[in-house]
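Before anything else, here is the set of structures, which you'll find just below.
One chain, subunit A, appears in both complexes that follow, with subunit B as partner in the first and subunit C in the second.
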Partner chain A sequence: MANDREVLREIWEGKVPVCFQLDPEEVYDLQAPDPFYLMVPRLSYFPLCTDKVRKHFMRHVQQEGQDKPENEMWLEFNGIPLKWHIPIGALLDLYHNDIQLPWNIVVHFRKFPEDVLMRCNNKEIVESHFLSCIKEADVLKHRGQLVSNMQKKDHNQLWLGLLNDKFDQFWAVNRKLMEATSDEGFKYIPFRCYISEDKYIQRLVKPLLEDGHRKTLKHLLNELFPNEETASVRTHGIIPSLDAPLQWLSEHLSYPDNFLHLILIT
Partner chain B sequence: MSEKEEEPQTGEASEPKTPDVAAEETNPNPDPPTTEPSSANNETPVASDKEKKIEVLLKATGDAPIMTKKKWTVPPDKTLGWISEFIKKFIKMGPEERLFLYINQTFAPAPDQTVKNIYDCYGTDGKLIIHYCKSQAWG
Partner chain C sequence: MAVYEAGENSSWRLNIITQLRDRNKTQTHCYLDLISLHNRLFDNANTLRGENLQLSIANEKLRTEAASGVTGTGNNAALEAKLLAQADELTMLHRRRGEHTQQIVDLNNKLQEAMKELQLKESSLADKVDINNVLRAELTRYAAREKELENINQMLKDEHQALQLAFASLEEKLRKAQEENRQLVDRLIKYKSKDAEKMNEENDNFLNESFTSPTAFLMQTISKFGKRQAKMQKELEDAARDTRTASPDRGGTLEGTAPVIPSSLPTKIAMKFNAHEGEVNAVRWSPTDRILATGGADRKVKLWDIAKGSYECKGMLMGSNAGVMSVDFDSGGNYVLGASNDFASRVWTVADLRLREVMG
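Entry: the complex of A and B
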């Protein structure tokens, strides 16, 4: 793993320029506020990096009832509410074909789309979602043994590493979670393969073939989509080689939640 | 969601009883509430035939009331959020109360995760066991 540490660092440092604009219908001032530009980390979640965006636009919307939970800020792209619990980079890959940079995102404070989005009025909700994903991934990788033997301070360190964009802090703990317990690698590879923004496939896929050879991305796609001969995936803005071994991909291209987020291209 | 079968009464003996008995006595209605999220009625025949329904076993934990029926069959494309809403209505929780679902007694699945994905990864003996509680149980 040590020799591929640069890959981890490159992935961690991926950022995307976003132009946030308030929904014109929600502007309460005579003049519409300026758009707000921000570089956001691909590996993060929107609620963790949009405090400044909220502050910028709050002054320009109707003050009355602003603190009410139903007036929680939410984001929309091309008419679609953006799911905050999907990592930003995975959203970017999902809407890749429609996005031009900077990524134009519309900010809303009204008409929260209850049926599509989970409520997220504080960062603790993101934290529990994030840690739950890590636990689930560990159930797949190591039968959940590593994460349950960790102390609360290790969980905190993973969370604070992500929250504060501290690579070393995060990886000091995450490296243990990404260790293969045997020569065979993980028990199963934690991944989510998105067919669309609201549908993804998750299955038990081992890192090795029956004959002991390493499975590649091509094997994974054949298992999931036996009838799609030309399937490939996008992740972190790239289309990885179909010959890339699954175990390597899992160790190096997983998001901080320890899952690979792969977007199907057919 | 359709009713699978009545849980054998003997099976209940092993469940933690204390807080649940009272809740069950005040809530003896064994039938699903009429306001439950509809399922089979909304499905087109094609969609429901396409994939088999999944058997789900709902287990109360902590202070959550036990459900009078625990075994249900659920269309595979339903989400965990939908199941959560169903349980809340069945055990008569208010919309503002929170219900937590756990898989493997370890992690809370995302509400938009499908029953099929969770069953494929964590189903055992042909069924999916989901624990529910009113406070965070396994972090």
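Entry: the complex of A and C
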């Protein structure tokens, strides 16, 4: 049961400063616009908090064809387009070594990298992605019973809690999803272990060992990477102890989409 | 197991929580204020820019206006003319106001008059309503009286009818009485004619006998006289007994010359009836009618109508408290006097059989 409110609260409040800058090649004014600084929550997604950024830079780019779908805003860091469907915190952990706070991100309005990024015209797309992640996680945890029994209004509450950064609103519903059905805990632990930015491992892993003892993070890493002796993972900007049990981690350190986003460091 | 876990838990959990706190401290808290300040400044700059733009536009507008407003002297005359016109208008308005006040006063007077009239009308209306009510009450009273009169009328009609019936019956009685009277007159005429016949016969006889001898004539005369006597007697008897006819003709011839003194004792019973329960103490004829009054021990006086051999009880006079010892009529046959054993005498009227007087 996800009852360690202290941990949950600390995780929820994790935010990072981001400095958005317009790509100099796309500037259409005499002088380049000021960079836009913003605190973004680690648990959120970029399309949910960049409304102001778009509004700010919109005035300084070429006016014609601005509303066309191919001229959608996209973000880039160090020459790599940032995937909006990965939570911001996971992106931070992925590029941890290169990032110096505040995180400098370049804003683009043109040349959308169709081959790398998915289109994201509005927030409904993010919502459906988010809810499908939750459903996937629930299928792994409880064979999908909880999510399918929920009402539309509960789904809405989850989404609005995330969108408006309301901890209590979100966890009022999410708590049910984090309940273990039996003493054994979840059926499988929903997690994604990123090796690089576009490659991750996802497997069926039970929270208990054969002999009934709980699996820890160490067991998981051994299972995933039998050859790596000194493997460890980063999530939420920290490197959790390898002794931490998987069930607990899943209940407390999951992102709002109910997945553990672990980034391998060797 | 839980305790074991708790012990073990604390180390990795503590580790995680300190890491998270460190993370938040270094990454979040130290930038939070800075970024929010930056955002505020950014917003301020934006608003100021907008304001600046607006102000410059306004400034431009004012400047153009100022440029066009240089020709101010021409304006003055126009304004003065306008002022004059306004003053004229004001005086006119004052005048109109005076007129209006006058009108208002007139209208007020009219209104008062109308009010007075209205009051008058209202009072008269109230009077009329009162009169109306009174009349209506009278109407109901009269209706009631009419009904009463109708009832009385009905009653009188009924009475009239009853009287009519009584009248009819009385008339019937009268007719009967007249019939009887006629019969009696007939009988009288019959007797008279018979009488005349007899007289004629006698005359004839006398004429025949007078020529034989004077003695015989005398004898004849005497016998004739005797015959006449006998006839008178017979007639008297006839009157008394009605149907009975005695013929003393032959006797007259036998007795000869001696004048006959008429005397008669009643030898036959003409009729017999039980008048009273008990003794009959007194009997008396009425001096005028064929009415017999009897007094009996049964404390009653009875009146009997005796005619043509039949008797009929005409009435019973009551009131005596003991046997009646004697009765009598007055001379006109209208009253009956009865003396009773109760030490009292009583007088009744014959016509309506009422007790008139008690003398004790």
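In this text, the second predicted complex is superposed on the first by the 263 of 266 C-alpha atoms of A that agree within 3 Å, B and C clash if a C-alpha of one lies under 4 Å from a C-alpha of the other, contacts with A are read in each partner's own complex, and residues count from 1 in each chain.
Keep this in mind: a residue touches a chain if its C-beta (ideal position, glycine included) is under 8 Å from a C-beta of that chain, and two chains touch if they have at least 3 such contacts.
The model shown is predicted, which means the values in this text are computed figures rather than measured ones.
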### Query
Of the two partner chains, subunit B (first) and subunit C (second), which one does A:Ser128 touch, if any: first, second, both, or neither?
first
### Message
Quick check for you: in the superposed arrangement, does A:Pro102 touch first (subunit B), second (subunit C), both or neither?
### Response
second
### Task
Would you check which partner chain A:Pro240 touches, where first means subunit B only, second means subunit C only, and both and neither mean what they say?
second
### Query
What is the contact status of A:Leu38 with respect to subunit B (first) and subunit C (second): first, second, both, or neither?
second
### Task
Considering only touches as defined above, state whether A:Asp198 meets subunit B (first), subunit C (second), both or neither.
first
### Message
If we overlay the two complexes on their shared chain A, which of subunit B and subunit C does A:Lys83 touch? Say first, second, both or neither.
### Response
first
### Task
Check whether A:Leu140 is in contact with subunit B, with subunit C, with both or with neither, and answer first, second, both or neither.
first
### Query
First (subunit B), second (subunit C), both or neither: which does A:Glu6 touch?
second
### Message
Counting contacts the way the document defines them, which residues of subunit A are shared by the two interfaces, the one with subunit B and the one with subunit C?
### Response
none
### Message
Show me the residue ranges of subunit B that touch subunit A in the complex, using the header's touch definition.
### Response
81, 103-104, 106-114, 117-118, 120-122, 136, 139
### Message
Which residues of subunit A touch subunit B once you look at their complex with the stated criterion?
### Response
83, 85, 118, 128-129, 131-133, 135-136, 139-140, 144, 148, 155, 188, 198-204
### Query
Which of the residues in subunit A come into contact with subunit C in the complex?
4, 6-7, 10-11, 13-17, 34, 36-39, 101-102, 236-241, 243-244, 248, 253
### Query
Okay, in this complex, where on subunit C does subunit A touch?
8-9, 11-13, 15-17, 19-24, 27-28, 31-32, 34-36, 38-39, 42
